[in-house]
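First subunit A sits with subunit B, and in the next complex the same chain sits with subunit C.
Let's look at the complex of A and B:
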(Lines of atoms letter the chains of each structure in order from A and count residues from 1; the text may use other names and numbers.)
(Lines give C-alpha, C1' and ligand atoms only; values in the text may rest on other atoms or scores of the structure.)
Protein backbone atom coordinates (compact mmCIF):
# COMPACT_ATOMS: atom_id res chain seq x y z
CA UNK A 1 0.00 0.00 0.00
CA UNK A 2 1.69 3.12 -1.23
CA UNK A 3 0.82 6.73 -0.78
CA UNK A 4 -0.54 8.53 2.23
CA UNK A 5 -3.20 7.59 4.78
CA UNK A 6 -6.80 6.69 4.10
CA UNK A 7 -8.02 10.10 5.30
CA UNK A 8 -5.96 11.90 2.67
CA UNK A 9 -7.06 9.48 -0.04
CA UNK A 10 -10.74 9.98 0.80
CA UNK A 11 -10.38 13.76 0.81
CA UNK A 12 -8.62 13.63 -2.56
CA UNK A 13 -11.32 11.34 -3.94
CA UNK A 14 -13.89 13.98 -3.05
CA UNK A 15 -11.86 17.00 -4.22
CA UNK A 16 -10.48 15.56 -7.47
CA UNK A 17 -13.73 15.60 -9.55
CA UNK A 18 -14.54 19.13 -8.39
CA UNK A 19 -11.07 20.30 -9.42
CA UNK A 20 -11.44 18.62 -12.80
CA UNK A 21 -14.83 20.21 -13.43
CA UNK A 22 -13.62 23.67 -12.43
CA UNK A 23 -10.47 23.45 -14.56
CA UNK A 24 -12.32 22.19 -17.63
CA UNK A 25 -14.92 24.93 -17.12
CA UNK A 26 -12.17 27.57 -17.10
CA UNK A 27 -10.73 26.12 -20.32
CA UNK A 28 -14.09 25.84 -22.09
CA UNK A 29 -15.23 29.35 -21.15
CA UNK A 30 -11.87 30.97 -21.86
CA UNK A 31 -13.38 33.37 -24.37
CA UNK A 32 -16.14 34.53 -22.01
CA UNK A 33 -14.78 34.58 -18.44
CA UNK A 34 -11.37 35.34 -16.93
CA UNK A 35 -8.95 32.53 -17.52
CA UNK A 36 -8.14 30.42 -20.53
CA UNK A 37 -6.08 27.50 -21.65
CA UNK A 38 -3.04 28.18 -19.50
CA UNK A 39 -4.92 28.90 -16.30
CA UNK A 40 -7.43 26.05 -16.60
CA UNK A 41 -4.66 23.67 -17.58
CA UNK A 42 -2.72 24.65 -14.49
CA UNK A 43 -5.82 23.97 -12.34
CA UNK A 44 -6.35 20.51 -13.86
CA UNK A 45 -2.64 19.69 -13.59
CA UNK A 46 -2.64 20.69 -9.92
CA UNK A 47 -5.55 18.29 -9.39
CA UNK A 48 -3.49 15.54 -11.00
CA UNK A 49 -0.53 16.52 -8.79
CA UNK A 50 -2.88 16.07 -5.82
CA UNK A 51 -3.47 12.48 -6.99
CA UNK A 52 0.32 11.98 -7.23
CA UNK A 53 0.79 13.26 -3.66
CA UNK A 54 -2.01 11.15 -2.16
CA UNK A 55 -1.57 7.86 -4.01
CA UNK A 56 2.19 7.87 -4.63
CA UNK A 57 3.93 8.30 -7.93
CA UNK A 58 4.50 4.55 -8.41
CA UNK A 59 0.76 3.85 -8.38
CA UNK A 60 0.10 6.71 -10.83
CA UNK A 61 2.93 5.53 -13.04
CA UNK A 62 1.28 2.12 -13.30
CA UNK A 63 -1.91 3.76 -14.61
CA UNK A 64 -0.41 6.07 -17.21
CA UNK A 65 3.01 6.21 -18.84
CA UNK A 66 4.94 9.38 -19.42
CA UNK A 67 5.24 8.66 -23.13
CA UNK A 68 1.48 8.93 -23.55
CA UNK A 69 1.38 12.22 -21.65
CA UNK A 70 4.21 13.70 -23.69
CA UNK A 71 2.46 12.65 -26.89
CA UNK A 72 -0.68 14.46 -25.65
CA UNK A 73 1.50 17.52 -25.07
CA UNK A 74 2.80 17.32 -28.64
CA UNK A 75 -0.76 16.89 -29.96
CA UNK A 76 -1.75 20.12 -28.20
CA UNK A 77 1.21 22.00 -29.68
CA UNK A 78 0.55 20.68 -33.19
CA UNK A 79 -3.15 21.55 -32.90
CA UNK A 80 -2.33 25.10 -31.82
CA UNK A 81 0.03 25.65 -34.74
CA UNK A 82 -2.42 23.93 -37.12
CA UNK A 83 -5.21 26.36 -36.18
CA UNK A 84 -2.79 29.25 -36.71
CA UNK A 85 -1.80 27.87 -40.13
CA UNK A 86 -5.47 27.45 -41.07
CA UNK A 87 -5.71 31.17 -40.41
CA UNK A 88 -2.95 31.63 -42.98
CA UNK A 89 -4.91 29.55 -45.50
CA UNK A 90 -8.48 30.77 -45.01
CA UNK A 91 -7.72 34.29 -43.83
CA UNK A 92 -4.86 36.55 -44.86
CA UNK A 93 -2.35 36.25 -42.04
CA UNK A 94 -0.85 33.73 -39.63
CA UNK A 95 -3.10 33.56 -36.53
CA UNK A 96 -5.90 35.08 -38.58
CA UNK A 97 -9.35 34.67 -37.05
CA UNK A 98 -11.12 33.02 -40.00
CA UNK A 99 -14.10 31.67 -38.05
CA UNK A 100 -15.28 35.01 -36.64
CA UNK A 101 -18.20 36.35 -38.62
CA UNK A 102 -18.75 33.13 -40.56
CA UNK A 103 -21.78 30.91 -40.14
CA UNK A 104 -19.63 27.99 -39.00
CA UNK A 105 -18.69 26.98 -35.47
CA UNK A 106 -18.22 29.83 -32.93
CA UNK A 107 -19.04 32.33 -35.66
CA UNK A 108 -21.48 34.71 -33.98
CA UNK A 109 -20.38 38.33 -33.56
CA UNK A 110 -21.70 39.86 -30.32
CA UNK A 111 -23.19 43.34 -30.33
CA UNK A 112 -20.80 46.13 -29.40
CA UNK A 113 -20.88 47.16 -25.79
CA UNK A 114 -21.86 45.27 -22.68
CA UNK A 115 -23.66 42.14 -23.83
CA UNK A 116 -24.61 38.84 -22.30
CA UNK A 117 -22.33 35.86 -22.63
CA UNK A 118 -22.96 33.75 -25.74
CA UNK A 119 -20.95 30.54 -25.93
CA UNK A 120 -21.10 30.43 -29.73
CA UNK A 121 -18.74 33.39 -30.23
CA UNK A 122 -15.05 33.93 -30.52
CA UNK A 123 -13.98 32.42 -33.83
CA UNK A 124 -10.82 30.37 -33.43
CA UNK A 125 -10.20 31.43 -29.82
CA UNK A 126 -12.09 28.49 -28.20
CA UNK A 127 -10.18 26.04 -30.41
CA UNK A 128 -6.86 27.62 -29.45
CA UNK A 129 -7.91 27.59 -25.79
CA UNK A 130 -8.66 23.88 -26.06
CA UNK A 131 -5.33 23.08 -27.75
CA UNK A 132 -3.34 25.10 -25.23
CA UNK A 133 -5.35 23.52 -22.41
CA UNK A 134 -4.50 19.97 -23.53
CA UNK A 135 -0.89 21.02 -23.91
CA UNK A 136 -0.61 22.61 -20.46
CA UNK A 137 -2.45 19.76 -18.69
CA UNK A 138 -0.18 17.08 -20.17
CA UNK A 139 2.98 19.19 -19.88
CA UNK A 140 2.66 20.19 -16.23
CA UNK A 141 1.39 16.76 -15.19
CA UNK A 142 4.26 14.95 -16.90
CA UNK A 143 6.79 17.30 -15.26
CA UNK A 144 5.35 16.67 -11.77
CA UNK A 145 4.95 12.92 -12.34
CA UNK A 146 8.41 12.28 -13.76
CA UNK A 147 10.13 14.35 -11.06
CA UNK A 148 8.21 12.60 -8.28
CA UNK A 149 8.94 9.17 -9.74
CA UNK A 150 12.63 9.91 -10.33
CA UNK A 151 13.04 11.04 -6.71
CA UNK A 152 11.38 7.87 -5.38
CA UNK A 153 13.48 5.29 -7.25
CA UNK A 154 17.18 4.98 -7.86
CA UNK A 155 17.26 3.73 -11.42
CA UNK A 156 14.43 3.03 -13.80
CA UNK A 157 14.16 1.68 -17.27
CA UNK A 158 12.07 2.45 -20.37
CA UNK B 1 42.28 41.61 -5.07
CA UNK B 2 41.33 39.01 -7.61
CA UNK B 3 40.51 39.95 -11.15
CA UNK B 4 37.05 38.34 -10.91
CA UNK B 5 36.09 40.45 -7.93
CA UNK B 6 37.10 43.67 -9.69
CA UNK B 7 35.02 42.75 -12.74
CA UNK B 8 32.06 41.84 -10.58
CA UNK B 9 32.20 45.13 -8.67
CA UNK B 10 32.45 47.09 -11.93
CA UNK B 11 29.46 45.32 -13.46
CA UNK B 12 27.46 45.79 -10.26
CA UNK B 13 28.27 49.52 -10.19
CA UNK B 14 27.22 50.02 -13.83
CA UNK B 15 23.94 48.15 -13.37
CA UNK B 16 23.24 50.00 -10.12
CA UNK B 17 23.75 53.38 -11.80
CA UNK B 18 21.35 52.43 -14.59
CA UNK B 19 18.75 51.20 -12.09
CA UNK B 20 19.17 54.41 -10.06
CA UNK B 21 18.43 56.59 -13.07
CA UNK B 22 15.61 54.35 -14.26
CA UNK B 23 13.84 54.87 -10.93
CA UNK B 24 13.50 58.58 -11.68
CA UNK B 25 12.49 58.07 -15.30
CA UNK B 26 9.85 55.47 -14.49
CA UNK B 27 6.31 55.84 -15.72
CA UNK B 28 3.98 57.70 -13.30
CA UNK B 29 1.58 55.37 -11.56
CA UNK B 30 -1.99 55.29 -12.86
CA UNK B 31 -1.30 57.48 -15.89
CA UNK B 32 -1.35 55.57 -19.19
CA UNK B 33 1.18 56.76 -21.75
CA UNK B 34 0.34 55.71 -25.30
CA UNK B 35 -3.38 54.88 -25.41
CA UNK B 36 -3.93 54.51 -29.15
CA UNK B 37 -3.56 50.72 -29.15
CA UNK B 38 -5.68 50.36 -26.00
CA UNK B 39 -8.50 52.42 -27.46
CA UNK B 40 -8.41 50.48 -30.72
CA UNK B 41 -8.60 47.12 -28.91
CA UNK B 42 -11.37 48.24 -26.54
CA UNK B 43 -13.44 49.68 -29.39
CA UNK B 44 -12.96 46.96 -32.01
CA UNK B 45 -12.36 43.66 -30.20
CA UNK B 46 -16.02 42.64 -30.40
CA UNK B 47 -16.27 43.36 -34.12
CA UNK B 48 -12.89 41.98 -35.20
CA UNK B 49 -12.56 38.84 -33.08
CA UNK B 50 -16.15 38.26 -32.03
CA UNK B 51 -15.19 37.89 -28.38
CA UNK B 52 -16.54 39.57 -25.28
CA UNK B 53 -13.29 38.88 -23.41
CA UNK B 54 -10.77 41.48 -24.55
CA UNK B 55 -7.89 39.89 -22.64
CA UNK B 56 -8.32 36.55 -24.41
CA UNK B 57 -8.63 38.32 -27.75
CA UNK B 58 -5.29 40.05 -27.12
CA UNK B 59 -3.58 36.87 -25.94
CA UNK B 60 -4.78 34.57 -28.70
CA UNK B 61 -5.52 36.90 -31.62
CA UNK B 62 -3.77 40.27 -31.55
CA UNK B 63 -0.63 38.91 -29.87
CA UNK B 64 -0.78 35.31 -31.02
CA UNK B 65 2.96 35.06 -31.54
CA UNK B 66 3.50 35.74 -27.84
CA UNK B 67 1.32 32.75 -26.97
CA UNK B 68 3.19 30.67 -29.52
CA UNK B 69 6.43 31.60 -27.74
CA UNK B 70 4.94 30.64 -24.36
CA UNK B 71 3.86 27.28 -25.76
CA UNK B 72 7.36 26.76 -27.15
CA UNK B 73 8.87 27.53 -23.74
CA UNK B 74 6.57 24.98 -22.09
CA UNK B 75 7.46 22.42 -24.74
CA UNK B 76 11.19 23.02 -24.19
CA UNK B 77 10.73 22.70 -20.40
CA UNK B 78 8.91 19.38 -20.75
CA UNK B 79 11.52 18.08 -23.19
CA UNK B 80 14.35 19.08 -20.85
CA UNK B 81 12.73 17.51 -17.78
CA UNK B 82 12.01 14.26 -19.61
CA UNK B 83 15.56 14.17 -21.00
CA UNK B 84 17.16 14.69 -17.57
CA UNK B 85 14.96 12.44 -15.44
CA UNK B 86 14.57 9.51 -17.82
CA UNK B 87 17.51 7.40 -16.71
CA UNK B 88 18.05 4.22 -18.66
CA UNK B 89 19.23 1.22 -16.67
CA UNK B 90 22.74 0.32 -17.76
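Let's look at the complex of A and C:
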Protein backbone atom coordinates (compact mmCIF):
# COMPACT_ATOMS: atom_id res chain seq x y z
CA UNK A 1 0.00 0.00 0.00
CA UNK A 2 1.14 3.51 -0.67
CA UNK A 3 1.49 6.28 1.86
CA UNK A 4 -1.23 8.57 3.14
CA UNK A 5 -1.51 12.36 3.06
CA UNK A 6 0.90 14.84 4.59
CA UNK A 7 -1.43 15.53 7.55
CA UNK A 8 -1.36 11.87 8.59
CA UNK A 9 2.42 11.71 8.18
CA UNK A 10 2.97 14.79 10.36
CA UNK A 11 0.63 13.48 13.07
CA UNK A 12 2.45 10.14 13.04
CA UNK A 13 5.83 11.91 13.24
CA UNK A 14 4.67 13.61 16.42
CA UNK A 15 2.95 10.59 17.98
CA UNK A 16 5.55 7.92 17.18
CA UNK A 17 8.24 8.88 19.76
CA UNK A 18 5.63 9.26 22.50
CA UNK A 19 4.23 5.79 21.73
CA UNK A 20 7.74 4.32 21.75
CA UNK A 21 8.59 5.90 25.11
CA UNK A 22 5.32 4.75 26.68
CA UNK A 23 5.70 1.19 25.37
CA UNK A 24 9.29 0.90 26.56
CA UNK A 25 8.22 2.34 29.93
CA UNK A 26 5.53 -0.35 30.26
CA UNK A 27 8.09 -3.05 29.41
CA UNK A 28 10.76 -1.73 31.79
CA UNK A 29 8.36 -1.25 34.70
CA UNK A 30 6.67 -4.61 34.17
CA UNK A 31 7.56 -5.84 37.65
CA UNK A 32 6.22 -2.72 39.38
CA UNK A 33 3.13 -1.49 37.52
CA UNK A 34 0.37 -3.14 35.49
CA UNK A 35 1.65 -4.35 32.16
CA UNK A 36 4.75 -6.19 31.19
CA UNK A 37 6.43 -7.69 28.19
CA UNK A 38 3.35 -8.50 26.13
CA UNK A 39 1.46 -5.28 26.84
CA UNK A 40 4.42 -2.97 26.23
CA UNK A 41 5.40 -4.93 23.14
CA UNK A 42 1.86 -4.55 21.79
CA UNK A 43 2.06 -0.78 22.38
CA UNK A 44 5.43 -0.47 20.59
CA UNK A 45 4.20 -2.68 17.75
CA UNK A 46 1.11 -0.47 17.35
CA UNK A 47 3.45 2.51 17.00
CA UNK A 48 5.27 0.66 14.23
CA UNK A 49 1.91 -0.26 12.64
CA UNK A 50 1.09 3.45 12.67
CA UNK A 51 4.27 4.06 10.63
CA UNK A 52 3.25 1.30 8.19
CA UNK A 53 -0.25 2.78 7.73
CA UNK A 54 1.04 6.34 7.25
CA UNK A 55 4.11 5.78 5.10
CA UNK A 56 3.19 2.65 3.16
CA UNK A 57 4.79 -0.77 3.14
CA UNK A 58 7.25 -0.02 0.33
CA UNK A 59 8.96 2.74 2.32
CA UNK A 60 9.07 0.53 5.44
CA UNK A 61 10.52 -2.41 3.52
CA UNK A 62 13.31 -0.10 2.34
CA UNK A 63 14.19 0.66 5.98
CA UNK A 64 14.01 -2.80 7.56
CA UNK A 65 14.27 -6.39 6.41
CA UNK A 66 11.92 -9.03 7.75
CA UNK A 67 14.87 -11.41 8.19
CA UNK A 68 16.13 -9.06 10.88
CA UNK A 69 12.73 -9.05 12.60
CA UNK A 70 12.71 -12.85 12.49
CA UNK A 71 16.11 -12.96 14.18
CA UNK A 72 14.87 -10.48 16.80
CA UNK A 73 11.95 -12.81 17.57
CA UNK A 74 14.34 -15.74 17.94
CA UNK A 75 16.59 -13.66 20.23
CA UNK A 76 13.60 -12.97 22.48
CA UNK A 77 12.63 -16.64 22.78
CA UNK A 78 16.22 -17.81 23.29
CA UNK A 79 16.85 -15.09 25.88
CA UNK A 80 13.79 -16.12 27.89
CA UNK A 81 14.82 -19.78 27.95
CA UNK A 82 18.47 -18.87 28.61
CA UNK A 83 17.55 -16.83 31.70
CA UNK A 84 15.40 -19.73 32.91
CA UNK A 85 18.27 -22.17 32.39
CA UNK A 86 20.65 -19.83 34.23
CA UNK A 87 18.23 -20.18 37.12
CA UNK A 88 18.80 -23.94 36.90
CA UNK A 89 22.58 -23.38 36.99
CA UNK A 90 22.98 -20.69 39.65
CA UNK A 91 19.92 -21.57 41.75
CA UNK A 92 18.27 -24.92 42.34
CA UNK A 93 15.29 -24.99 39.98
CA UNK A 94 14.26 -24.02 36.47
CA UNK A 95 13.14 -20.35 36.46
CA UNK A 96 14.97 -19.90 39.77
CA UNK A 97 15.36 -16.26 40.71
CA UNK A 98 19.13 -16.23 41.22
CA UNK A 99 19.51 -12.43 41.04
CA UNK A 100 17.14 -11.57 43.90
CA UNK A 101 18.97 -10.82 47.12
CA UNK A 102 22.35 -10.44 45.45
CA UNK A 103 23.99 -7.06 44.98
CA UNK A 104 24.00 -7.45 41.20
CA UNK A 105 21.57 -6.06 38.64
CA UNK A 106 17.95 -5.79 39.91
CA UNK A 107 19.07 -7.45 43.13
CA UNK A 108 17.60 -5.30 45.90
CA UNK A 109 14.92 -6.83 48.07
CA UNK A 110 12.22 -4.21 48.80
CA UNK A 111 11.18 -3.50 52.36
CA UNK A 112 7.91 -5.02 53.51
CA UNK A 113 4.83 -2.89 53.85
CA UNK A 114 3.72 -0.07 51.60
CA UNK A 115 6.93 1.52 50.37
CA UNK A 116 7.76 3.53 47.31
CA UNK A 117 8.41 1.53 44.17
CA UNK A 118 12.09 0.70 43.74
CA UNK A 119 13.08 0.03 40.15
CA UNK A 120 16.14 -2.00 41.12
CA UNK A 121 14.19 -5.01 42.39
CA UNK A 122 12.69 -8.15 40.97
CA UNK A 123 15.69 -10.31 40.13
CA UNK A 124 15.29 -11.99 36.74
CA UNK A 125 11.73 -10.74 36.14
CA UNK A 126 12.79 -7.51 34.31
CA UNK A 127 15.18 -9.50 32.11
CA UNK A 128 12.36 -11.89 31.19
CA UNK A 129 10.09 -8.91 30.52
CA UNK A 130 12.70 -7.48 28.15
CA UNK A 131 12.97 -10.83 26.33
CA UNK A 132 9.19 -11.16 25.97
CA UNK A 133 9.00 -7.53 24.87
CA UNK A 134 11.55 -8.02 22.06
CA UNK A 135 9.74 -11.16 20.92
CA UNK A 136 6.29 -9.52 20.92
CA UNK A 137 7.51 -6.36 19.15
CA UNK A 138 9.10 -8.39 16.35
CA UNK A 139 6.20 -10.84 16.06
CA UNK A 140 3.35 -8.33 15.94
CA UNK A 141 5.27 -5.92 13.67
CA UNK A 142 6.02 -8.69 11.19
CA UNK A 143 2.31 -9.64 11.15
CA UNK A 144 1.37 -6.07 10.19
CA UNK A 145 4.21 -5.85 7.65
CA UNK A 146 3.23 -9.10 5.93
CA UNK A 147 -0.40 -7.97 5.82
CA UNK A 148 0.61 -4.64 4.24
CA UNK A 149 2.90 -6.34 1.75
CA UNK A 150 0.26 -8.92 0.77
CA UNK A 151 -2.37 -6.24 0.20
CA UNK A 152 0.05 -4.23 -1.95
CA UNK A 153 0.57 -7.11 -4.41
CA UNK A 154 -1.93 -6.51 -7.20
CA UNK A 155 -2.12 -9.87 -8.92
CA UNK A 156 -1.23 -13.25 -7.52
CA UNK A 157 0.67 -15.72 -9.64
CA UNK A 158 -1.60 -18.67 -9.05
CA UNK B 1 -18.54 -0.89 44.86
CA UNK B 2 -20.75 2.16 45.20
CA UNK B 3 -23.79 3.03 43.13
CA UNK B 4 -21.84 5.44 40.90
CA UNK B 5 -19.52 2.54 40.11
CA UNK B 6 -22.54 0.49 39.00
CA UNK B 7 -23.87 3.35 36.86
CA UNK B 8 -20.49 3.83 35.13
CA UNK B 9 -20.33 0.09 34.50
CA UNK B 10 -23.76 -0.03 32.85
CA UNK B 11 -23.08 3.16 30.85
CA UNK B 12 -19.80 1.87 29.42
CA UNK B 13 -21.41 -1.46 28.50
CA UNK B 14 -24.32 0.30 26.72
CA UNK B 15 -21.85 2.50 24.83
CA UNK B 16 -19.88 -0.61 23.82
CA UNK B 17 -23.01 -2.19 22.34
CA UNK B 18 -23.91 1.08 20.59
CA UNK B 19 -20.44 1.38 19.08
CA UNK B 20 -20.51 -2.19 17.77
CA UNK B 21 -23.99 -1.59 16.30
CA UNK B 22 -22.66 1.54 14.55
CA UNK B 23 -19.73 -0.49 13.22
CA UNK B 24 -22.21 -3.03 11.81
CA UNK B 25 -24.59 -0.55 10.22
CA UNK B 26 -22.18 1.92 8.59
CA UNK B 27 -21.65 1.63 4.84
CA UNK B 28 -18.34 3.53 4.90
CA UNK B 29 -15.84 0.82 5.80
CA UNK B 30 -13.17 3.21 7.11
CA UNK B 31 -15.70 4.79 9.49
CA UNK B 32 -16.76 1.28 10.53
CA UNK B 33 -13.14 0.45 11.34
CA UNK B 34 -12.92 3.57 13.51
CA UNK B 35 -16.17 2.60 15.25
CA UNK B 36 -14.70 -0.82 15.93
CA UNK B 37 -11.63 0.83 17.45
CA UNK B 38 -13.94 2.92 19.65
CA UNK B 39 -15.75 -0.28 20.72
CA UNK B 40 -12.42 -1.84 21.64
CA UNK B 41 -11.37 1.24 23.60
CA UNK B 42 -14.66 1.25 25.53
CA UNK B 43 -14.18 -2.44 26.25
CA UNK B 44 -10.73 -1.71 27.65
CA UNK B 45 -12.30 1.03 29.80
CA UNK B 46 -14.75 -1.58 31.08
CA UNK B 47 -11.83 -3.87 31.95
CA UNK B 48 -10.25 -0.98 33.82
CA UNK B 49 -13.47 -0.36 35.76
CA UNK B 50 -13.54 -4.06 36.66
CA UNK B 51 -10.02 -3.57 38.15
CA UNK B 52 -8.04 -5.53 35.59
CA UNK B 53 -5.60 -2.87 34.31
CA UNK B 54 -3.30 -5.53 32.85
CA UNK B 55 -6.02 -6.82 30.54
CA UNK B 56 -7.07 -3.24 29.79
CA UNK B 57 -3.60 -2.33 28.49
CA UNK B 58 -3.46 -5.48 26.37
CA UNK B 59 -6.95 -4.83 24.96
CA UNK B 60 -6.13 -1.18 24.17
CA UNK B 61 -2.87 -2.10 22.47
CA UNK B 62 -4.02 -5.09 20.45
CA UNK B 63 -7.70 -4.34 19.92
CA UNK B 64 -7.73 -0.60 19.38
CA UNK B 65 -4.41 -0.17 17.57
CA UNK B 66 -3.14 -3.31 15.88
CA UNK B 67 -6.41 -4.81 14.62
CA UNK B 68 -7.53 -1.36 13.40
CA UNK B 69 -4.25 -0.96 11.51
CA UNK B 70 -4.70 -4.38 9.89
CA UNK B 71 -8.31 -3.60 8.93
CA UNK B 72 -7.30 -0.20 7.48
CA UNK B 73 -4.56 -1.89 5.43
CA UNK B 74 -7.13 -4.41 4.16
CA UNK B 75 -9.58 -1.60 3.25
CA UNK B 76 -6.76 0.18 1.40
CA UNK B 77 -6.41 -2.90 -0.82
CA UNK B 78 -10.12 -2.86 -1.79
CA UNK B 79 -12.82 -0.19 -2.08
CA UNK B 80 -13.81 2.16 0.70
CA UNK B 81 -17.60 2.07 0.29
CA UNK B 82 -19.63 -1.09 0.70
CA UNK B 83 -21.79 -2.18 -2.24
CA UNK B 84 -25.49 -2.90 -1.98
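By definition in this document, the second predicted complex is superposed on the first by the 151 of 158 C-alpha atoms of A that agree within 3 Å, B and C clash if a C-alpha of one lies under 4 Å from a C-alpha of the other, contacts with A are read in each partner's own complex, and residues count from 1 in each chain.
The rule is simple: a residue touches a chain if its C-beta (ideal position, glycine included) is under 8 Å from a C-beta of that chain, and two chains touch if they have at least 3 such contacts.
Note that the structure is predicted; figures quoted are calculated from it, not measured.
Student: A:133 contacts which: subunit B (first), subunit C (second), both, neither?
Tutor: neither
Student: In the superposed arrangement, which partner chain does A:3 touch: subunit B (first), subunit C (second), both, or neither?
Tutor: So A:3 meets neither subunit B nor subunit C here.
Student: So, does A:147 touch the first partner subunit B, the second partner subunit C, both, or neither?
Tutor: After superposition on chain A, A:147 lies in contact with both partners, subunit B and subunit C.
Student: After superposing on the shared chain, does subunit C or subunit B touch more subunit A residues?
Tutor: After superposition, B is the partner touching more of subunit A.
Student: Quick one: classify A:34 as touching subunit B (first), subunit C (second), both or neither.
Tutor: Both partners, subunit B and subunit C.
Student: Kindly classify A:52 by the partners it touches after superposition: subunit B alone (first), subunit C alone (second), both, or neither?
Tutor: second
Student: What is the contact status of A:121 with respect to subunit B (first) and subunit C (second): first, second, both, or neither?
Tutor: first
Student: Intersection of subunit A residues contacting subunit B with those contacting subunit C?
Tutor: 34, 36, 38, 143, 147
Student: What residues of subunit B sit close enough to touch subunit A in their complex?
Tutor: These residues of subunit B touch subunit A: 46-53, 55-57, 59-61, 64-65, 67-68, 70-71, 74-75, 77-78, 81-82, 85-90.
Student: Which residues of subunit C touch subunit A once you look at their complex with the stated criterion?
Tutor: 53-54, 56-58, 61-62, 65-66, 69-70, 72-74, 76-77
Student: In the complex, go through subunit A and note every residue touching subunit C.
Tutor: Subunit A reaches subunit C through residues 1, 26, 34-36, 38-39, 42-43, 45-46, 49-50, 52-53, 140, 143-144, 147-148, 151-152.
Student: Provide the residue numbers of subunit A that touch subunit B in the complex, in ascending order.
Tutor: Subunit A reaches subunit B through residues 30-34, 36, 38, 66, 70, 73-74, 77, 80-81, 84, 94-95, 97, 100-101, 106-113, 115, 117-118, 121-125, 128-129, 132, 135-136, 139, 142-143, 146-147, 149-150, 155-157.
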